[in-house]
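There are two complexes below, and they share subunit A, which is joined by subunit B in the first and by subunit C in the second.
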Partner chain A sequence: MKKIIVVLLAIALLIGFGSCSKAATPAAAAPAANTPSTGTVDSEYDPNATVDFEMKTSADKRVVTIGEIDKSLYQSPIFVTSFGQSTDAAMLDTVMKRVGIDYHYNPTATADDIAGSKTVIIAVGASTKGLGAAGISEADETARAKAIMKQIKADGSQVICCHIGGSSRRGALSDELADMVMKQCSYIVLKEDANFDSKFTDFASAHNIPISLIFATKDTVSVFTDIFK
Partner chain B sequence: MKEYWKNIVVLLIALLFAVLASIDFISMQVQEKIAPNQNLTEVKMLSCYSPGLKGTDSDTEVYVFDSGNPGGTMLILGGTHPNESAGMVSAIATIENLEVERGRVFIIPWTNKSGFTHTSPLDGMQDRFSITLSDGSIRTFRVGNRLTNPVDQWPDRTYYEGTSGRKLIGSESPEIRNVNRLYYGKENGVLTERVCYGIYNLINAEGVDLTMDMHEGSPEFLYLDCTMVNQKADNEKAMSIASSMALSMQLDGLDMRTEYSGKSSYGLSHRSLGDNTASMMTLMETYNPSMGPLHGKMDDDLIVNGNEPNYYQAHNEGYIYFDVPENGYPLAERVARHLTCISYLAQSYSEANPHDAIVFEGLGSYDDIVEKGLGNLLKPID
Partner chain C sequence: MNMKKTLRLYMALLAILICILTASGCSKSSTAAQQETISEVAEVASPVPEEKEKETFEFEGDTFKTGAVGRNGAAACASPIAAKVATDIMAKGGNAVDAAVGMIYAVGLLEPAATGIGGAGQMVIYLASEDRYVNIEYMTQAPKAAVTGALDTSTSENPPSVEALAIPGVVYGTLTALEEYGTMTAAEVLQPVIDLARNGFPVTERWNANIEGRYANLSAYDYTLGLYTDDGFLWNEGDMITNNDLADTLEMIATEGIKGFYDSDYTQKMVDYIQSIGGVLTREDFAQYRSVEREPISTTYRGYTVYTTTGPSNGGAPLLEMLNIAENFDLASYGADSPETVEILSDAFALAYQDGVAFIADPDYYDIPVDTMISKEYGQERAKSIEVGSRIKTARAGRLTISLSETGKKVLSANTPDQGGTSHMVCADSMGNVVSTTNTNGINFGSAVAVPGTGFVFNAHLANLNNMESARANQMMPYIKVRSTTCPVIVAGSTGKPVLAVGSPGNWALVSAALNAVVNYIDFDMNCAEAALAPRFWRDGISKDLYIEARYSASTLEALKGMGFELMESDKDYGAHVGCVAAVEIGEDGLIYAIGDDRRHYGASAY
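For the complex of A and B:
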C-alpha cells in the first residue's frame, strides 16, 4: 500500500512539473487561455443583420442598374455630405477624389453650407461611433438632415442617395435617414447586401427612381466615373 | 535503507523532469534574430523613453530607419499580443526589407517582450513555428501569450484603474498584464504600464505622426476586415487618410473598411494614444484560426498555413461572419495584408501631408508576397 502511494505521489509530482513547463503560475492560466482578441474594439455591429437573399450583383457582375439615369441632371457645383456620420462619407470623399471632379465635402455641413449646390450627394448610414467622434447626438443629426433636405427642396437641387456601407448600415436611424433622402432623390447608389428586404429596390420601383446596385464599396468609383466624366 | 534509496531515485527522476521543463521554459527567453539591413540607422531600447524598463524582461528593441530627408515619422507596432503571430512577423519582415526615402520609420517587433517568454498553459499551445527560407534555411519564431509573463509582473490586482480610466475588476484582473489595455501607461506603474508609457513617450519625444498597431483575432471576431481609426477634432484628415488606404486596398481586391475608434475603448492604443498624443492612431486585425476556440491540433499547419477545417465548416453553416477560405488563411497572406495596409497608409498620409511625407520602398506588393511566400520575404540569418 505504501509503495502504491509513493508511486502515485511521484506521478502527481511529475504531472505538476510538466504542466508548469509552459507557465510560471496557475494564476496566469484561467482567464487568459484561449481568449479571442475581442475587446480590441467595442462591438456595435450585429452580423446577424445579414439575411440570405438572391443578389443581382456578383464578383463578376459588379454593377447592376435598374432604370434610366439622366446624367445631364447632375451639374456643378457638387456637394458631398453625410447623414449619420458613418465612415462611408469619408469613403465617398475618397471615391470623388479618384473620380477627379471638383466638389465640396463636409460631413457635418449645415443647410446654409449646401445652399446653391446643384447636386448634393448624401452618404446615408448611421454610426454611433461616428456620431460620438463628431460630437453630434442622434436628435441633432436628424434635425440637421431635415434642415438640409428642406434647403435642397427650396433650391431644386438634384440629390443622389448613396448607401455604400452595406448591411451594417441598416437599423432604425440609418433607415429613417435613408427614407428622408430617398423621398427627394433622383438616383440611388446602393451596396446590394443592404437590400436584403428589398427596401431600396421596392422604393425605387414604386417611385420610378433609377438605382445602381453595387457589389462592393469600391464599385462606387466606376458608377460615379460614368455619371460625372 | 532500501526504502530510503527508492525515495531518492523517485525524487531524482522528478528533479530531472523539473530541470528539463525549466530548460524548455527558459528557452522561450531567447528571442528571434533579425537579419541585417544596411538601411537600418539605429537600434534603441524602449527604456530610452521609459527608464523604469531598464534591466527588465520588458525592455524591448526599437528599430529606427531615418532617411536623413525631411518628412513625417511613422511608428509600427508588432507583438503587442505575442500570440498574434502575423504582427511580429510583419514587423520583422519590415525591418529586414525597408528602405526609407523620406521621413523616419520606427518599428517595435516585440512590443510586449515579456509576453513572448510564456504560452497559455493547459491549452495545447505550440510555443514555436518555423518558416523555410528560399535558401533552404529555417527560421523559428515564438508564439507567446497575449499577456505579460507573471514571472515578470505578479500578482494581478483585484481592482485597477488605469490612466485612461479603464477599470479592471475581478475576472478581468489578468488584463493588467495586457499592453493594449493600459495605454497611455504610467512612468512608475506596473511593468506593463511602463511599456505603455515608453510607447506614449516615444510618440511624443520623436513627434510620431502616424502609428499602426498590428493585431490578429479569432475568426469569431467582427472587425477582421477593418482598420480602427481615431478621428480627433484636431486631426480631421485621419478618417480621410484611412479611407483612401481602404479604397486602395479594395481596388487591389482586398476587403478592407474603416471604423471609428470606440469612444469607450479605454486603454486601447487607437483610443488612448490617439486621445493623448498628436499621432494619427490606427489598429488593424487579420484572422488567425489558431486563436479561436474551434481550432484543432496546434501545429505549423495551423499557425503557418492557417488551415483549420472546423472554421470552414462553421462558416459554411453560417456561424462565422468572416469569409473563411477552404484552403486556409496562411500566415503569408496575413503578413501581406498588414504590409499592404502599412504601405497604403503611408502613401495616403503623404498625399494628404505632402510636406511631411513618409516615403519608403522594399515591402513588395500583396500578390508578390503571397506568390513567393514568407521564405522569400524574410532574409537568411548568418
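For the complex of A and C:
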C-alpha cells in the first residue's frame, strides 16, 4: 500500500510541477494548439508545430554527419552562389566570412563566372521574394542553374549542396533545384527540419554521399570550419 | 486495513488532490480540456471552492481560429501574445487605453520589423465616459537639419541612408495617451512587456520571414543583426529568445517617462551613436518633439459614422472620400463577390489616392483641404467619373488646393542648411472605451540602425517627405511631421457609440484593407471576422494593376480582366499584399469580438 501511495504522490507531484513550470514560461502565455475556436480564449499559437518527425540533431547535438567526408576534395578557388535567390546565400556568405577563407560570392553568378573554380558551394532554396528582388523569373533561374551545373561538370569541380533554410525551403522549385545539385555533389549540408520526408538522407544513402545534418543555420559555420580549416 | 493505514491512505489522497488543484492554479493557460478535468476533480473535493467555468461563445467566420470573444475586453494585433498582454492589463483593472499602450510596446518587442519605439503611430480613441472621439498623432518628425534637398533620405539602398532617420514619436504619443486617458502608470503597463523581453518569447515563422526580407540591411550593423538573429543566422521557429537591451530601455521609460527618452543621458547616447555613423539627429531635435492631439475626421456611411485620422496621415481623408464615393452606388445589390463592387471600390480608391498624394501633409505646415475632400458633395462629384463596367483608366486628383500655412511659410523662409513595416492594433474594454492604433517603422526594420544597448531600430521615415523645392505638398522642411498612410478607424453605430474598430498595415494597401473591411461590415452585413477574412483586393494607386485574391469567383476575375485590370498575385487565397486586418466588434449581444487576420498571422485575445 505504501508503495502505491508513494507512486500516486509522485505522479501527482509531477503533474503539479509540470503545469506550474509551463505556466512560468512566456510560451505558456500563448494558448495550446487544441484550444477550441469559440469562447473566451486567445488565438492559437503553437511555435513547435512544424516538426513532427524524429530528428537526429538537437540543441545539444547540433551536427550529425552520416558518411565519410574527404576534406582533401575541397580546394581553392572556392565559389559561393545561390540557386533560388533565397536569403540562404547571404547567410552562406556570412558563414564563409566567419570561417575566414578566401572565396568568391555572387548569388546570381553565370556559368562563366564560376568557370575554373575547384569548389562550388551552392545555397539551394527558392524564394519568390528573392527572385522578384533580383528581377529573375523562375524559368531564368532554372536555366542559370542548369548552365552552371554544366560548367561544373566540364571543369570537374567539386560541389557542396547547402540546403540551410530548413523546411520553409521545400517546394516544387526548391526541390527541383536541390535535385539538380545533389546529382553532381560530393557533400550535402542540410538543416535537418527540411528532411521531414527523408528526401535528402535517402538520396545521400542511395548515392553514398556524405551528409551533415545541422540543427540550426548557424551550425554551418562549425561544419565548414571543420572542412576548410 | 487498520485505522492507521486508512488514515494514511486518506491523507495521501488528499495530498494528491491538493497537488492537482495547485497545478490548476499555476496554469493560467490550460486548455479547455484540462480545465474540464480540473473542474471535475474540484467537484469531488468539496472543501475547495469550484472554479468558475469559462463561458464559451460561437464566433462565426473565425476560419483560422485567430479570433477571440469575451464579455470584459478583447484585443487583436500582430501577435496573440501581445493581444494577451492587452487583455491581462484590462483584467487587472486597466482600461482600453492602458491595454493599447501595453500592446503597442509588446508588438514592438514581438514584431520589431513593423513597429517599435524607434517608429511612429496614430491612435483613435473612443472615451466612453465623455462620449468623445480623440486622435493622438505621434508621427515621426523631420529634424532641424532636414532642409529641402540637404539630406540623402533614400531607402532604396542596403541599408537605407542614415540621414533618413526621423525623430521617433511612439514613446511620446503612448505615454501622453496613458497620462491623459489611461488609468495605470507606465511602469504597470510596461512590466508585462519587460517580463516577456527578459524571460523570452518564441520565434515565429513571420519573425524569420521579416529577417530574411531585410537580411542585407540588418547585416550592415553588427549590433542590429545580433539583436534579431542567432549570431547572424535565423533562429529555429519556436526557439525562445530574449531582448534584454529593450527590457532595460523599457525600464528606463517606465521610471523616467517622456523626458527619459527625449531629453536625458539616454537621448545623448542615441544621438552620439547616430551622429557617429553619419546621421543628423540632435538632442535638441529629440527635446522639442511633441505628439499632437487632433480632432479625428469623420463621415457618415449608410447610417454609420466612420472616424479616422487627419493629416499628416494621407490615408485617413482618402479613406473617407472613398466611402463617400462608394455611397453613391448600391454595392449590396451587386454583392461582395462581383466585378462591379471590385471595380467601383478600386476606382474610388484610385481617385482618392490621387487626392491623398496631392493634398495631404502635416496640417501644422499646410492648409490642407480635408473638409472638402471628405464632404458628401465632393464624394458625389468624384463618383460621377465612375462608370460601372468600365474601370477608370486615368484617375486625376480633384480640383482642390493645398497651400503652406503661416507656420509652413515661416519655416520654409528660414530654410537654412543646418516591406512595409507597419502594425495595426485594436482593443475594447467593458466600460465601452475603444482604441484603434496603427504604428509604423516605415519600411520593415526601418533604417536598421539600432543604437548599441538600446534594443530597438530607428525608422527611416524621412523618405516619405518630398525632398525637392518644386514639391506641391509634404515638402521636406525642419520639424515637419512626416506623412504616412496610417489610418486607424473606429466605426460608430446609430447611437454614436463604437461598433467596430479596424485597421491594417501595408502602406496604401492598408487604406484599401480598411475600406474593404468597413464595406464588408456595413454593405454586406459581415461580422468582424468575416469582414477581415473575406477575399479582398488592392489597386496599385491609379494603375491597372489589381492585387486580388484567388477566392473571388472565376466569373468576377474574368470580368475584371475584361475591364482591362491586370490581376496580380491572383493565385493566392490569402495574400499579405492586401494588408492584414485587426478588428474588434462590439456586438449587440454585449460581447466583444476580436479578430486577427491570418494573412500575417495576427492573433487575438479576450476575457
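FYI, the second predicted complex is superposed on the first by the 178 of 229 C-alpha atoms of A that agree within 3 Å, B and C clash if a C-alpha of one lies under 4 Å from a C-alpha of the other, contacts with A are read in each partner's own complex, and residues count from 1 in each chain.
FYI, a contact is a pair of C-beta atoms (placed from the backbone, for glycine too) under 8 Å apart; a residue touches a chain by one contact, two chains touch by 3 or more.
Just so we're clear, the structure is a prediction, and the values are computed from it rather than from any experiment.
> So, does A:Ser127 touch the first partner subunit B, the second partner subunit C, both, or neither?
both
> Please work out whether A:Thr142 is in contact with subunit B alone, subunit C alone, both, or neither, and reply first, second, both or neither.
Neither partner.
> Touch test for A:Thr57: subunit B only (first), subunit C only (second), both, or neither?
Neither subunit B nor subunit C is touched by A:Thr57.
> Does subunit B (first) or subunit C (second) touch A:Ser82, or do both, or does neither?
Neither partner.
> Is A:Thr119 touching the first partner subunit B, the second partner subunit C, both, or neither of them?
neither
> Once chain A of both complexes is superposed, is A:Thr94 in touch with subunit B (first), subunit C (second), both, or neither?
After superposition on chain A, A:Thr94 lies in contact with both partners, subunit B and subunit C.
> Quick one: is A:Ser212 in contact with subunit B, with subunit C, with both, or with neither? Answer first, second, both or neither.
In the superposition, A:Ser212 touches no partner, neither subunit B nor subunit C.
> If you stack the two complexes on chain A, which partner ends up touching A:Gln151: first (subunit B), second (subunit C), both, or neither?
After superposing on A, A:Gln151 lies clear of both subunit B and subunit C.
> Per the definitions at the top, what is the overlap between the subunit A residues touching subunit B and those touching subunit C?
Shared contact residues on subunit A (touching subunit B in one complex, subunit C in the other): 13, 17-20, 22-29, 31-32, 34-38, 40-45, 47, 50, 87, 90-91, 94, 98, 127, 129, 216-218.
> Which stretch or stretches of subunit C touch subunit A in the complex?
Interface residues on the subunit C side: 1, 5, 8-9, 12-13, 15-16, 19-20, 22-24, 26-33, 54-59, 62, 65-71, 80-81, 83-84, 87, 195-196, 199-205, 208, 211-213, 215-216, 219, 230-238, 240, 596, 602-607.
> Considering the complex alone, what residue numbers of subunit A touch subunit C?
My answer: residues 1, 5, 8-9, 11-13, 15-20, 22-32, 34-45, 47-48, 50, 86-87, 90-91, 94, 98, 127, 129, 165-166, 168, 193, 215-218, 220.
> Tell me, which parts of subunit B touch subunit A in their complex?
Per the touch definition, subunit B meets subunit A at residues 6-7, 10, 13-14, 17-18, 20-22, 24-25, 81, 84, 118-123, 125, 127, 145-147, 149-151, 154-156, 171-175, 180, 215-218, 220-223, 228-229, 231, 233, 239-240, 242-244, 246-247, 250-251, 255, 257-265, 268, 283, 285, 291-293, 321.
> Residue numbers of subunit A touching subunit B in their complex, please.
Its residues touching subunit B are 6-7, 10, 13-14, 17-29, 31-38, 40-45, 47, 50, 87, 90-91, 93-95, 97-98, 127, 129-130, 132-133, 135, 216-218, 221.
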